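Chains here go by letter, A, B and C, matching the order in which they are written, and residues are numbered from 1 within each.
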Amino acid sequence: MRFHTEYHYFNTKTKRELINITSQVEEAVSKCSIKEGMALVSAMHITAGVIVNDHEPGLWQDIDEWVEKLAPFREDYRHHRTGETNGDAHLKSLLVHH
Amino acid sequence: MRFHTEYHYFNTKTKRELINITSQVEEAVSKCSIKEGMALVSAMHITAGVIVNDHEPGLWQDIDEWVEKLAPFREDYRHHRTGETNGDAHLKSLLVHH
Amino acid sequence: MRFHTEYHYFNTKTKRELINITSQVEEAVSKCSIKEGMALVSAMHITAGVIVNDHEPGLWQDIDEWVEKLAPFREDYRHHRTGETNGDAHLKSLLVHH
């Protein structure tokens, strides 16, 4: 049984950003020469998520607007009493998994 | 270490449909004689999802109405500029995981 | 290849409760002496879920209010015709994964 682990770091240019990591995942999978197994792709950050979906810019914008609608930015999240301002991002990340 | 992979194909009769695949998963697991391990059940389609929940028709309808409420069909999704008309299905699939 | 499985049981004091199980997961992982692998943490109940997020009480309340907003308690869920009254909990669990 083999395992192969890679860590990739991403810096977004805007507050909220969708990054296509398909090629990185494909490379990692092919690099490790595992023919049958599982690939776990996990966002190691609590305001980020990993989704599998269509690589289509219109849809990306739809998703962006949709998460804002369901988990809007608001001043008055209780989480903001800590000094942070990203309560909405924590909720949005729940919508786009781990 | 053993792996066992199966592909199952489902054709829905209606635009949106909930299919109970519990018995297929159970069979696949028992067939491969793995006593301790992980079963990954993944919807290999970006407008489909896999959930674990109660096998109760009333709940299924509640879930169906709920995803329509949170991710309603709309004409004006940007994704529709591609000619597709299933923007809502892409969003709904986010609600019901991968 | 090794596997290590643990079952933990939790009884909530209130109808809806967020329990921090980070230390239980850490202990389980360190106990089994697996250096590289996957940890599957799964809520074995259809009105419960497992999320990874900030251990901050304000955020926990934000999440609690948020799931109530997106999947509110209602008398008239079809699921309630079975005599149950937790239709909202089934929907809420979809928001917080498996």
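Criterion: a residue touches a chain if its C-beta (ideal position, glycine included) is under 8 Å from a C-beta of that chain, and two chains touch if they have at least 3 such contacts.
Because the structure is a prediction, the values reported are computed rather than measured.
Of all residue numbers used where chain A meets chain B, under half belong to both copies. The two sides are thus made of different residues.
Copies chain A and chain C of the same sequence differ by a rotation of 120 degrees once their CA atoms are superposed, given in steps of 5. If you average the CA atoms of chain A and of chain B, the two centres end up 20 Å from each other. Residue positions of chain A with contacts to 2 or more other chains are 1, 38, 70, 95, 97. Those residues of chain A whose C-beta lies close enough to touch chain B in the complex are 1, 36-38, 51-54, 56-59, 61-63, 66, 70, 95-97.
Chain A makes touch with chain C in their complex at residues 1, 3, 5, 38, 40, 46, 70-71, 77-82, 87, 90-91, 93-95, 97-98.
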